[in-house]
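This structure is in structure tokens; I'll ask about it shortly.
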């Protein structure tokens, strides 16, 4: 066996499967790594569509049952890009079979499933088998730079965080029902789908954890047509969720998620303020970071727009010369680069399943608060 | 008596007194009005400082007791620019004496005082005596334009409001104690001082009222040095407050106020989103309004930056040619222009004391929620 | 005679006359000065309109012939707000009569007139009589701050200047002819009207002077209807002018002016770059300055948005607390404040007539180049 | 021979070679195309470095002489990513050998070489052999959208274009000499390297061609250290160039290029204004287009920020869902997609060599003008 090649099996060829396919095949051209990834087997349920996707997306072969994939000797890594309700089963089986696992976010729909996955990851780790959850936005250069500023103390003690993830995909009441709007399938709505990113980023960037939250949710469109035109059904998840929370001892956070936010296609904003400075990020301008250094002369202070496109910036090295922008897909490649490098170095990649489970805990507390008149819920 | 001249008595010559002095003397040069205002009498407690201020700020005379001012026959209007704990006494006396009253915001420190003032205003109104509360930001052209867009239905049904008023004046723990940090004097901290603007604007612009709120407050610096260097004292108000709330039937609002927000000197932001569009305002760019019309072709949608400097825009007429910016002081002049015009027309100026009292009700609910684990408080 | 009061006579009550009226009456309320200005006499040609303007704009009296105004003993200052073709005659007479003179820009329509005015100013100065040309934008806080950065060496040696003044007032071919479009009255079009501001600001801010220019002009609408509907006439000035030039030894400047620039109502932009940094100003956001300090670590560099609203910033002191914006009119008041202060201190106010004449020299060179196939014209 | 696979030979593995390698291998995963590209042979002069690059960048094989590459039967396409002085020789040989050719910009260093290449392309075309010049920025979605707005008449008749390409790579006088600073190797400096992009984009977007230009150039650092430390040498090209020009009948263009522009790492800006609207692009925010529609009500006009990330936008289809940003590399993939599609359809890809030659003509006229006191030079 060639220790320098890792053969990857990918489960799912929807949106995330496509982006991950790209990243697995780009990573070794962009970065010098001690191991090479091979796009070996694609797994999907429908034989024809999977075969077609495998050909188009550049996979050597394909299978239609993830159990077969997990059982194969010629696969070293399982990448899980399926909906959340299937994560626990696939991931625990893959880890038990000795495969390294990368799992899309959110980790799971329930805390109980997350517990199983964390336990499985702990077991596997003892055997040198690695796992990570794919919170892609962590690997944006601008997010990396924001985190470095915080960790270097440039913002001082953190006091204020404001974060929002706003989309407009379901603003129109005439958009038919999709599975994301059913509680049984998706767990929650904007809160889980978008809020998981928000909660993970806030904690990742500040190094602080939510200790409690208050939440308010709303479903603007309570009934939607069925896609097949046979009638309509109730929407059983939230369209929008507002959170207020405490981070660490005294920092305050205010978070908002909505997929009915007209005017915002895919806008994730994060601002962090402390005693010495502040910094802000906006996914609409993902190569930029705004930074305000409050330690200089008052007459020269201001938010500066840093183009986070220098080789010295986090995650950037390996791509193009200074001054060249990255796009939506690059952080996925960074994520896979770091995953591969950790395996090669016999280290744990990040974020761990335990990190991802803690995000679910925060969302769980938010759900409890929303159901109890916004009353404070400890995490 | 010359019915076309209104003789004004102004109580207070601090920050607000200075701005109001400016506005009373500029208003008739900038706008054609059926009445002229005369800067007649300035009232302050310290004789020397008041005399000096009267000379510098262009007042005909001065007095040191507001009771004397209210008793004078040669004064038609009382403008109250004192701290909130004295509003009720001065205002009710002035109205009883038949003087029109303009009162700075917030209306009062307590709902009980606000009730007295509202009652006095109702009585006075029956006698043709007018009153208004001075929420200056309502008269910003960009705020006026935002309100017009909402009222013309251009945003559709309102779903999301996000508002914040962030300052950094008290971010530094070494700033000594001021009266604004004492609950007995100021009622609350950032919540009342900044939050009153936020609540008033949100409601003014959307035409919707808060029906309930959840709140979270924090005091980052709990003890501060006394200004005279004799020791330190406890800070008894909030440095920051987060609110989530419902407006009307289903719209959601998230509001944040802080005077410890490093990086933001005086930043009031307001964004409103509905089913057909969205619009955003930022006090740092007070001549602009961002507007997103979601009814056009998808490929051409975007937030447009409207320079709100055309004569057709609200409040603008009378100043300079198209394309010329207004500053911090112009909305005060608009406010006084509208106040004078209402008196001349025998109408009620806005916002009324009842409007201003309702803002206090929202803040009162927020205070209750903050003291009760953020549990929902109805307004 | 009260040496602490200066009685002002203002010639002209159009746009500039209105703004100057405002400034003369606001200046002593806003700033502590050793002299007080009195709005004494307004001068205009039409008796009724002048009387009405005097009343409305707050002038004690009015006259209809500037010769009468200049002859009066009870006037100490003449402020000239008439079109450029009358400047030389009024100004030289006023100076000869011992009046301090403030003259609107551009100084004159021809260099020959400018020479007369400069000579008259030199003579008057020997008698303690002061004069200045009113380039209002110099007194914008952000422009002051930009100049301070350059003069403190924060940008290093200047290499690049890009400046533009774009308006859209005459973009529409259906706008009828106005005097500004006639060469005999106005000298030139956008080049003189807008370009004078650009040239003055570029030189004021950098401390460098144009040594030569190349220019290209265009008249998009060559014939326009007469305002009275009696036919049409030729437009004899430029709608737009492009300049490239050298400043000092090696800096390059590119300038653009147009009053047919759709999308820009009143947009004056200025960017200066040197070996150590760069800074940019935009009149649409007149309270801001963008500053890029290229001496810090590469990963933290960026244009920072300074809100130029602190008391330590140039020109700001005396207005409102930190963080409050100024508008279009405030620099006019600063200009008059500095003019009064210079008279009180027996100093020359700035910019001098000689400074203003040098701006005309640059525009004159541009006109020569434009007529000679853009061939380089020395200044 | 498999008509659906095109075997590519790439000459050069510097910056452009790396980006093109990426694009050739990504294109068929991202887009459904009737032909598939195969990364067959990489060509470089140094055997070891080329072998290493071929392995790293995913090429099947490698050669060290472009003549061998051109001679091979198993190569269908030659992609030329070498410096400009070698373009003519390689390209003409490749076309003569019946290979389709993609050639990096600028097409050549001299018009004489460009003529040879255009002739060779015409000959080849008659035999069904295709060629194009790789002006990558044309395939940015925002540039495509800007062009569509112009071509749909949304801006009306074009009047104003302002364009700049500013970099800071050589702002520091201590950066040693590189070949780009030698006239014999590079032809010109910022003018050719950056100005070629500017000229191509201006013409591509407006559909108008430069009819004449005036130019001004400067070399700020006239002597630089040699990279090997053996002394210094003269810089024989420009650091910066300013152009003014006419487009079509009456539109005016002002262009600026500099690689000594402190504060700007890689900033390409383009603004186009016409009688009905205006639009602006900034490479720092490459997923956005600013558009001002001047046909609506005056009170609602403003530059709107369109996120050019919808599937209906030019070039976007095939990547991620709506709202996801592209980066620096995506337009290269679009370029290769369109090149492949044209070959498959037996059409000419764009821009042609003749288009690219015309850009060189404009730059040639600029050089002539700069050497003749900025006197107008016809194109």
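The first chain written gets the first letter, and so on, giving A, B, C and D; residue counts start at 1 in each chain.
Keep this in mind: a residue touches a chain if its C-beta (ideal position, glycine included) is under 8 Å from a C-beta of that chain, and two chains touch if they have at least 3 such contacts.
Please read these numbers as outputs of a predicted model, since none were measured by experiment.
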item: Third chains touching both subunit D and subunit C; value: A, B
item: Target subunit C, source subunit B, minimum contact steps; value: 1
item: Whole-Å gap between the CA centroids of subunit A and subunit D; value: 35
item: Separation of mean Cα positions, subunit B and subunit A [Å, integer]; value: 42
item: Cα-centroid distance, subunit B relative to subunit D, in whole angstrom; value: 55
item: For subunit A, residues that touch 2 or more chains besides their own; value: 292, 301, 303, 307, 310
item: Complex interface listing, subunit B residues touching subunit C; value: 15, 18-19, 21-22, 25-26, 28-30, 32, 56-58, 167, 169, 265-266, 283-288, 307, 309-310, 319-330
item: Residues of subunit A touching subunit B in the complex; value: 155-156, 159-160, 162, 164, 168, 171, 173, 214, 216, 218, 220, 240, 242, 244-246, 250, 252, 254, 256, 258, 260-264, 273-278, 292, 294, 301, 303, 369, 373-376
item: Touch list for subunit B against partner subunit D, complex; value: 145, 289, 291-292, 298-307, 310, 312-313
